[in-house]
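Structure in structure tokens, see below.
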Amino acid sequence: MLEHQQITDLIRPWLQEDIGRGDVTTRAVVDPELAGRARIEARESFVVAGLSVAAACFEEVGEGSLKWLPEVADGEAVEPHAVLARLDGPVASILTGERVALNLLQRLSAVATLTSRFVEAVAGTGAGILDTRKTTPGLRLLEKYAVRVGGGSNHRFGLDDGILIKDNHLAVAGGVALAVALARNGAPHGLRIEVEVTTLDGVTEALGAGADAILLDNMTPEMVAEAVKTAGGHALLEASGGMNLGNVRAYAETGVDLISVGALTHSAPAVDISLEVETE
Amino acid sequence: MLEHQQITDLIRPWLQEDIGRGDVTTRAVVDPELAGRARIEARESFVVAGLSVAAACFEEVGEGSLKWLPEVADGEAVEPHAVLARLDGPVASILTGERVALNLLQRLSAVATLTSRFVEAVAGTGAGILDTRKTTPGLRLLEKYAVRVGGGSNHRFGLDDGILIKDNHLAVAGGVALAVALARNGAPHGLRIEVEVTTLDGVTEALGAGADAILLDNMTPEMVAEAVKTAGGHALLEASGGMNLGNVRAYAETGVDLISVGALTHSAPAVDISLEVETE
Amino acid sequence: MLEHQQITDLIRPWLQEDIGRGDVTTRAVVDPELAGRARIEARESFVVAGLSVAAACFEEVGEGSLKWLPEVADGEAVEPHAVLARLDGPVASILTGERVALNLLQRLSAVATLTSRFVEAVAGTGAGILDTRKTTPGLRLLEKYAVRVGGGSNHRFGLDDGILIKDNHLAVAGGVALAVALARNGAPHGLRIEVEVTTLDGVTEALGAGADAILLDNMTPEMVAEAVKTAGGHALLEASGGMNLGNVRAYAETGVDLISVGALTHSAPAVDISLEVETE
Amino acid sequence: MLEHQQITDLIRPWLQEDIGRGDVTTRAVVDPELAGRARIEARESFVVAGLSVAAACFEEVGEGSLKWLPEVADGEAVEPHAVLARLDGPVASILTGERVALNLLQRLSAVATLTSRFVEAVAGTGAGILDTRKTTPGLRLLEKYAVRVGGGSNHRFGLDDGILIKDNHLAVAGGVALAVALARNGAPHGLRIEVEVTTLDGVTEALGAGADAILLDNMTPEMVAEAVKTAGGHALLEASGGMNLGNVRAYAETGVDLISVGALTHSAPAVDISLEVETE
Amino acid sequence: MLEHQQITDLIRPWLQEDIGRGDVTTRAVVDPELAGRARIEARESFVVAGLSVAAACFEEVGEGSLKWLPEVADGEAVEPHAVLARLDGPVASILTGERVALNLLQRLSAVATLTSRFVEAVAGTGAGILDTRKTTPGLRLLEKYAVRVGGGSNHRFGLDDGILIKDNHLAVAGGVALAVALARNGAPHGLRIEVEVTTLDGVTEALGAGADAILLDNMTPEMVAEAVKTAGGHALLEASGGMNLGNVRAYAETGVDLISVGALTHSAPAVDISLEVETE
Amino acid sequence: MLEHQQITDLIRPWLQEDIGRGDVTTRAVVDPELAGRARIEARESFVVAGLSVAAACFEEVGEGSLKWLPEVADGEAVEPHAVLARLDGPVASILTGERVALNLLQRLSAVATLTSRFVEAVAGTGAGILDTRKTTPGLRLLEKYAVRVGGGSNHRFGLDDGILIKDNHLAVAGGVALAVALARNGAPHGLRIEVEVTTLDGVTEALGAGADAILLDNMTPEMVAEAVKTAGGHALLEASGGMNLGNVRAYAETGVDLISVGALTHSAPAVDISLEVETE
């Protein structure tokens, strides 16, 4: 779940970005006292995510004067013409808040929808679908929430809530064993230590160094299967690199614990949603 | 061009989002004094946009200690393995800044690349490719810049730098003529007045009302051609709705002035770019 | 109308500027529980503007505990001793909020009052009275609101919601025709293009270049009349420079569309308003 | 003196207010690489104040690329056509920063000029000219600086750096003696205690209560002269209310220590200053 | 009293510091809908301070959904096991807000407790116990409030609400007389002028210069007694330096007005307070 | 190591808190052009921490004009009269920055000093000394840095970079096994799962649930020794509750991995440090 205050803090600068000094069109042509209704409607099939974020946009713009009446919940799959929510109150506020609310709803639903496809693709294998830090700058909290809505789970939220020793670190750190030891000593307790490897020797080395988790980068499913055998449950294994809906099941069937997919957040095309003001 | 200060103000919270209380991995395993080099490299073909934004990320993280050496310029088309830029300085700062810099470069290049395809598709027709307000919350300035890099031009930056009377406004405003008159009286001088219409009658009505520009929403190319004739140069015409690389030329050949495409900013899949630390 | 949230965001730092670490006098000598009433009273004749801004100051300081009871509305002309509003609630909050509230009310009413004099002076001519960007730093939104309250209308709110090519631009831009062409290509659609000229030749040149509006700078009424003839309705004409209550009607009678007056916002002397705590 | 950092912190939101998403005119019509010169010039006689504030505006906008060459110093009296400062560097930055810089320079010079007239009017009497808290919201630090530049001195900067028990406090506080005692006990040491009185009895009461300073509100010069005698140097005396250039000397000659004048900051009409870009 | 808004503004970044991107433990293991009760309990004897600050933490975290039921008031002395307050509402919010609330309550109560010991130690002498600027960065307003709760009074809140000419100033300012004269001319009216001296000659010099208050630094009680005689009530006297519970009464009995104690805020060890969630 | 930018962001509001509208004393009595030197000097024995934080205070206040010349490094033990650093530049800036710089240096050195005593007390046992979240609001990053300077290591920095299921969580979460399972599923990968227990049965339960670490709360050294045996290296063990310099070695000798001590950050009394301006 997202905290209401976190959402509000996030959306304020975004509303400011769109509204600037004020919605000059609406101010000029719509009576500020005019009350009305509007509906937010799906124009294709998708998994909904971000309703409370959209609601918060209208709450902010309307300063509490708009009623938000959701008709579905985050995580539900909807079909074209499904009404996601209705709004009731000053039409001017509905019009002013529309674009930012829809931009967010379209993007977060896109992330949830794409995630849910990956999750379905690996159904029954025991592998989890994981996001990455390849998120939209500023939207990480929301996009990672959308991943969870779509059935995925979350990797690190930032550089401070997990240790991941990557290839570029290893290039300068003097080897897996030393890097893991340094991380164990210097980093805050509470964080797992994960190491990225590209070979099966790397897996053995990481296990020997006591890594809590191993990221298997750009391996074939066969190599991943081998890594699973080697690890024997002594470390969490995460497969990563070049995952798509065509190949993800092959990876999942290797017995790997987690599969991380950058595309969930960096390449999900926006779903189509519209807002219609209703007149008698 | 983007102003340096605007970029810096934008990226600070994004770096904060990723770095949080600090890059615990790099702090633990990389000597803060260690200097080195890295290169940023294309892994597919695309039009580059956002180099100064990526540079600013490393400038911020390195507090000025990193040298940024661009090898291409925004707007250039690159092939796989092309080096976009090199970095020289503290490796720790390179590693800490990498993700946010790449996330932005991948997204902005994606927008420029998709825009350039639409621009090519209408080449020679005289029609301009226009963005919309369907941008990523928080990234509007950057994404609209990427549209220009890709050869497109910009519609409104927000609700305050242009008047666009849309269908939802008209539903409550009492007709095109009244709405245009209200906008002319109440809004700041300096803004054009554009009205959205969906029929040819609407075009005639908007012209009669003295609209400066008319948005032709979801019309067929044939209807747009008719609208062009009707307008006879007395208002700027913009076609919008359902544009894609397959149909955009047909619209462009109608003689319409502008074609706006939401997908430029809401659905361009990230291009693939990597950063490699170089060791001897 | 001003949005409540915009007002609140504006006044917070101003209250902070005055209150600092706290109103030490009131804390020391007034019982925080003591409830009472006060009235805000005109001490000269003027047009009221800014009541909701003053109300917001007391709302902020009183954190909602003060009742604000307006007795007049923005735009009304009042006479000495007229009560503008009454306050009911904790006296301590009334005293702490008084100065900032009055400073704003005195200044905004001054702007509205001066504007209304210019508007009266041109009554019946069809010319509109326009403000400029010569506003008090930080108060632009409020002062431009006060201009509207006084019957005037608004020019640009900033450098981004209108194109105005001024003498200094022309000095380096290579002539009117080129400057207008550059603006048409490079600037966001949605903005009108206005050019400043000082001669009748300039008017002709600007019309030829396709300018949407022309600022006639420091011309005599005779020259303005000539410009009106030359333009023949093909561009909006704005007269500017050295306007005062003595000469403004002569300009208005030329048939010019708009007359801009910097003094509306930079030189209106504060009107006199007091706050009186009422004791039985 | 004003601290450079304080100025920078103040002007940033004001530049943001004017520039918004960017100076679209200058971006479209002026080559960002074009270097040039400009001069800031007086168009009437006045006392200069705020040069470092104007300089800071150009420093911010130009991000350090503009050279600022002052030709006079704050506090100097200048005549029409005097050059206050020259600018050398990117013309685009000069044009973008011009308005905010001039708005501030015109206002602060106005405050200094009006103050200097009051100071001259009381020359030789020993009375000091004092400002009030009737300043422009957001500009207090600058306007109080301009008062000092004009030869005046400063009263409180806010509600927390001085105790001033006014009529409205006394109306609810139970009398002068009690109020002074409460202030002495409850307020931070380090602050003087000043009490506002309107009668000679009030002066006696305030002296008896041990007030450090007494504000003589709306008294005639004769009453003030009497108050000076009564006080006999045991408290600082400040005359206030209805001061103008016509009557201030009469007050000053009573022997009163300080005369406070709200008009210094709330009603000084802007002086006329222009910026001219210089071309060969 | 502390203003509610001031408290809220202070605690927000502190909650942010602790909560970061969210309380992952509570989110994972506690049902967000689960309501419950908790009590905040003393685990040693102390004087309570900061209840409204702790309440504000829970108000913020719970966004208004938690009921705060205080059982004691600031300033009361409590014994081990005393319940300070009860909380009623979502258990998740109680758990998330607990640490920051307790950290503040433990520290502020510590300051009040230590202050109250000094106040008791000087009881009946007429000397007041004063704090210093040796407070915790960011907590000055709260710690100075806690000093008042403990029966002490406040010295300056910052460098701008009182003039204190210290040894380091005198080292470069050319003597007490000159420094006092400069302060009297240049500083805002409303501020007392205090000078630090270390000898009895210094006292005489400060009196001669017209100082309003004199800080007697690191003097023995005998010297302070002598200073009291010398001053004869013509300036406020403050003893400072090396004060502890063992020697403070000796100083207080000299007749000095004020005794300032840095340890009140820089060295009071946290009192022990716990929060217990109550289950049936 | 602390990042320079993080320090700067932290200290700005603290300097603002102290300096407010400006250092009125220094402005009035010290020539702003006067250059000089000062030394920062220990007045008792302690371990130094926070030199770069103090340096940053002077850098901010002096806007780069002060030279900071450290004579020792963080982590060094110093004796009374040791010079920690010298300052060279405008005396006014030295005086204005002094208090905040010293307040921080005194507090951080206190934390490092107390930590080093605990570290020495357990020397040779293999147990690490750990901090807690009982830090000063706003100073967590700095105080945790000081703990590392003193030889300790860091527990969580906030509620988001580690999972710690405490007694209050368990009271509502339905037992250790369920809570650990919920945490494993719902929380971001990358975080260890730690559970607080108060009995040896709790240790067994936590091990069975697969906890990565176990917090042994308020156990005797004998119980801790038993827990160490039970765990047999399958989970990290942390002893906590009531630790002091008298009993900590007994705990350390049990073989426990970590000992956490709240007093490190909540009850270290400030060390004594002074700043002396040097005159010839």
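For clarity, chains are labelled A, B, C, D, E and F in written order, and residue numbers in each chain start from 1.
Here is the rule we use: contacts are C-beta pairs under 8 Å (C-beta built on N, C-alpha and C of every residue); 3 or more make two chains touch, one makes a residue touch a chain.
Owing to the predicted nature of the structure, the values given are computational and were not obtained by experimental measurement.
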Shared chain contacts [subunit C and subunit E, defined touch]:
A, B, D, F
Would you pick out the chains that touch subunit A and also touch subunit E?
B, C, D, F
Among all chains, whose Cα centre is located farthest from the one for subunit E?
B
Copies subunit B, subunit F: same or different interface, half of numbers shared as the threshold?
different
Interface copy of C-E among A-B, A-E or B-C, judged by whether over half of the contact pairs recur:
A-E
Return the distance between the CA-based centres of subunit C and subunit D, expressed in whole Å.
22
Expressed in whole Å, how far the mean CA point of subunit C lies from that of subunit F is 53
Any chance you could list the residues of subunit C touching two or more other chains?
20-22, 27, 157-158, 160-161, 163-164, 185, 188, 191
Under the definition above, what is the set of subunit B residues touching subunit D in their complex?
1, 3-6, 141, 157-158, 161
Taking the complex as given, what residues does subunit E use to touch subunit D?
130, 153-157, 160-164, 185, 188-192, 194, 212-213, 236, 238, 258
Over in the complex, which subunit E residues touch subunit B? Could you list them?
20-21
Listed in rising order, subunit B residues that touch subunit F in their complex are 20-22, 27, 32, 60, 63
Considering only the defined contacts, which subunit A positions touch subunit B in the complex?
11, 13-14, 17-31, 34, 36, 38, 91, 94-96, 98-100, 102-104, 106-107, 133-140, 157-161, 163-166, 168-169, 171-173, 178-179, 182-183, 185-188, 191, 262-263, 266-267, 269-270, 275-277, 279
